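Both complexes below contain chain A, partnered by chain B and then by chain C.
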Partner chain A sequence: MIEINDVQKAYGDAIVVKGVSLALPKGGITSIIGPNGAGKSTLLSMISRLLPMDRGRVLVDGLDVTTTKSDVLAKRLSILRQDNHMTARLTVRDLVAFGRYPYSHDRPTVEDRAHVEKALGFLDLEPLADRFLDELSGGQRQRAFVAMVLCQDTDYALFDEPLNNLDMRHASAMMRLLRRAADEFGKTVVLVLHDINFASCYSDHIVAMRAGEVAFQGTPEAVMRKEVLTGIFETEIDIHDIEDRRIAVFY
Partner chain B sequence: MPRASKDWSQAPLVLCALSIPLLSVASLFVGVSDVSFSTLFGSDGRALQVLLISRIPRTIALVLAGAGMAVAGTIMQMLARNRFVEPSTAGTVESATLGILTVMLFAPGLPVIAKAAVAATFAMAGTSLFLAIIRRIPLRSILLVPLVGIMLGGVINAVSTFFAYRFDMLQSLGAWTSGDFSGVLRGRYELLWISFALTVVAYMAARRFTVAGMGDDFTTNIGLNYRRIVALGLAIVSMVTAVVVVTVGMIPFLGLIIPNVVSMMLGDNLKRSLPWVATLGAGFVLACDIVGRLILYPYEVPIGTVVGVVGSVFFLYLLLRKNARVA
Partner chain C sequence: MSLDVSAPRKPPSARTILLILGALTLLVMIGFMTIGANGRWDFVLPFRGAKLAAIVLVAYAVAVSTILFQTVTNNRILTPSIMGFDALYILIQTVMVFVLGANRVLVIDPRWLFLGEVVVMVVFSGILYRWIFAGERRSLHLLLLVGVVFGILFRSITSFLQRIIDPNEFLVLQDRMFASFNSADANLLAVSAVLIGLASLAGWRILHTLDVLALGRDTAINLGVDHRRTVSIILVIVAVLVSVSTALVGPVTFFGLLVASLAYQLIPSHQHRLILPAAVCLAILCVVGGQLVLERVFGFNSALSIIIEFVGGLVFLTLLLRGATR
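Take a look at the complex of A and B:
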């Protein structure tokens, strides 16, 4: 379980995350949704110790993320940010192999190599394994980074906008894959998602944020309601039930 | 750019590496004093003396300085996350020079190693300042980063020039800022072995520098301390630069050309590419020095000038290259 206790972050006078307290259950997929500037990514960065918090604390299975050694946490929790602006020119396989760094540091083992091949296969990246990242399309590159995170094999995997750069086919394939990671391998997946319909169709739990605070949380059925979403996104949103799925229409 | 089979992609590199022993031998026999196989075993032993006191030290110095500066350039590019950064476009060299000048003004009697230590300290301060500045540039345009470095270097250099002018040391300043191996003699280049040792340390930490090149979030995610890697890299870059500037003077662009060529061919997995960077750096410096010795024979063109000309052209190529990768 990830326990978030009164976490706050301000940039100058602007408070981006306002004393958020939240418990993210272990297992399944939790999606964090909300309008731009709601503090979703900032919260995710603080949970994953990429960003120091001004106040409060975060416990991951009882480990305080600010005081626990970083290499210990790296075996429990992984994070993929949205801007993977990179300079180092790596092949897909090299990148994925860095997911094993927390376990074997500078000496990759045979077992590590097996993990790498498995992650490559899981994301259909074998044909691209020896290509350089800068030779790939945005979507292929995104898949390579996700493969790296899976290769890191942590109980908790956090993704900031994992569907960025993905077309419809790859976006739904990515969500099905995260679903498999949760269902078959027992991973806890936490996502920041822009597309509330993906959140609705694939999550077990949805957290809606607005202006730095948690505005609402619950099951997709509870969150995907006209009066809830309209308040959060400040725009007219209709909800339709289509084949067991709750779809928001806001165009 | 699909890659051909692995063996072929490395073929040009292997050829370059093979040429290094040849270049080294050539370096031993090129020069005004007549050193050849026949004179070497002549009766007066003069040629042998020239070989031992001047030619061999010069060749070793070329190899060590070339490898060290090329590796330093690679590390700088990973730390600054920019392809156009190297010690002479990041204020490192200028800071080291200011450091030496300071020693020469206040404690000219210090041993060379202490001078190098002061130069390294200045280099580290200057380079840290550079990294701090580029971290604060909101839109990190790839071209803005080296521009900031060159401007910072210009400011530091102006300070050096001012004091050098006031205290009549412009000539010494010229010696440090323009690389020249003609003064390398036995007993005056050994400091460069420090650079060699640091190159080995850099290789041992190669995977960490690769990780740093992927950014601080990436580094933290796999449990490494980004700041610590940056500090290690800064220390290596500063010391290598200081040692090279103190012994032979600055070799511009070297840390830019070689790492970029290797990166284009092999990528940036430094565990794999760093040995090539070091080897090619050594070979390139050897070749430029030999050219400098031959082009105006019997006079010498300083290697800084030769590398500068080749390097500027290459820098332009990198900037203008089509489908330049936006780093």
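Take a look at the complex of A and C:
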């Protein structure tokens, strides 16, 4: 379980996350949704120790993320942010292999190699495995980074907008894959999502944020309601039930 | 670091390139020691040996410091000298002469003076650059600007102090401030070698984290690297290396950029254990080979640093214009 306790972050005078307290259950997929500037990404960055918090604390399975050693956390929790700029020239396989770094540093074992191949296979990356990252499209790169995070094989995997740059086919494939990671391997997946319909169809739990605070949380059925979403996004949203799925229409 | 699982494909080529570079470097060094030696060997060898040792130390310091710095800052344009590291070192030297007076500075054993300067340098650059680089990722253009401003600030304070200093003391200073691979300070060779050795030892222990750092701050933290601590260690190493090279031959602005860019181009790998030695070899090749050609073949003197800076400056402009600045 990830326990978030009165966490706050301000940039200058602007408070982007206002004393958020939240418990993210272990197992399953939790999606964080909300309008731009709601503090979703900032919260995710603080949970994953990428960003220091001004106040409060975050416990991952009882480990305080600010005080626990980074290499210990790296075996428990992984994070993928939106833009991953790097200067090094790497192939896809090189990048995915870095996912094993927390375990074996510079001495990959046979087991590590098996993990790498499995992660490559999981994301359909075998044909691209020996291509350099800078030769790939945005979506292919995105999948390579997700493969690295899966290869890290942590109990908790956090993704900041993993569907960025992905076309429809790959976006739904990505969500199915995360679903599998949660169902078959018992991973806890936490996502920041922009598309609320993906959140509705694939999550177990949805947290809706607005103006730095948690506005609403619950099951997709509870969150995907006209009055809830309209309040959060400040725009007219209709909800339709299509084949057991709640779909928001806002065009 | 060898997280590389595709063993049969890439490394041979990178290793071969490195081997060729190494062999070339060795050849050039032998050539430097022997070509055109028309005197007694027991004079020529130690004389040229000291020169060669100085060049090798400087080449090593510049190449390694540049690549470490670029890995930490996750870009391939900024170098310690562009960020004003060597200007800071010269400022420290000037302040020392200004405060202590040239007489006293000349009396102090130059090795102790040098060590003192290195310590001050490490402390100051540590505070200054850690503040800039250890936190959130900043835009490259901002960093470039900060570097330019710092460089100008340090140089201006230096020249201001030099203007109000006693002319005799100024001569002492001036002597130390022009880049010349010919007049490297032989007194400092041993101390420099020790300092470089210590810095390399510290670097050796975190060699495998360098490859991870090159993935960017967020990814490195995700993979369990203690980013702040590692960056601080590397910046200290860089400060020591820059002090050594500046003390030995004076400031060289674009030399590091030149050899680092060449090394990235030549070595088809992300692994620092391949890139670093390649850059060192290239740096030695540039200076020793350049010196050999200019001195022995054309009979020029001390124009080498100008040529290297010229070519390095062109590389810098090309990189900027090609938009590698993201």
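Note that in this section the second predicted complex is superposed on the first by the 251 of 251 C-alpha atoms of A that agree within 3 Å, B and C clash if a C-alpha of one lies under 4 Å from a C-alpha of the other, contacts with A are read in each partner's own complex, and residues count from 1 in each chain.
Methods note: a residue touches a chain if its C-beta (ideal position, glycine included) is under 8 Å from a C-beta of that chain, and two chains touch if they have at least 3 such contacts.
Bear in mind that the values here come from a model prediction, so they are computed numbers and not experimental data.
Enquirer: Here chain A is shared; do chain B and chain C fit on it together or clash?
Expert: Clash: chain B and chain C overlap once superposed on chain A.
Enquirer: Give the label of whichever partner, chain B or chain C, reaches more residues of chain A.
Expert: For chain A, the partner with the higher number of touched residues is C.
Enquirer: Is A:V116 in contact with chain B, with chain C, with both, or with neither (first, second, both, neither)?
Expert: A:V116 sits against chain C, while chain B stays out of touch.
Enquirer: Name the contact category of A:D241: first (chain B only), second (chain C only), both, or neither.
Expert: Neither chain B nor chain C is touched by A:D241.
Enquirer: Which partner does A:D130 reach: the first (chain B), the second (chain C), both, or neither?
Expert: both
Enquirer: Classify the contacts of A:E221 with the two partner chains as first (chain B alone), second (chain C alone), both, or neither.
Expert: neither
Enquirer: Does chain B (first) or chain C (second) touch A:D61, or do both, or does neither?
Expert: Neither partner.
Enquirer: Following superposition on chain A, which residues of chain A contact chain B and also contact chain C?
Expert: On chain A, the overlap between the chain B and chain C contacts is residues 48-50, 69-75, 78-81, 84-91, 94, 98-99, 101-102, 106, 130, 152.
Enquirer: Mind listing the chain B positions that touch chain A in their complex?
Expert: Result: residues 1-3, 77-78, 81-83, 207, 210-211, 213-218, 220-225, 263, 267-269, 325, 327 of chain B touch chain A.
Enquirer: Spell out the residues on chain A that touch chain B in their complex, using ranges where they run on.
Expert: 45, 48-50, 69-75, 78-81, 84-91, 94, 98-99, 101-102, 106, 130-132, 134-135, 152
Enquirer: Please give the residue numbers of chain C that touch chain A in the complex, ascending.
Expert: Those residues of chain C that touch chain A are 1-6, 9-10, 70, 74-76, 136, 208, 211-212, 214-219, 221-227, 264, 268-270, 326.
Enquirer: Using the touch definition from the top, list the residues of chain A that touch chain C in their complex.
Expert: Of all residues in chain A, those touching chain C are 48-51, 69-75, 78-81, 84-91, 93-95, 97-102, 105-108, 112-113, 116, 129-130, 148-149, 152.
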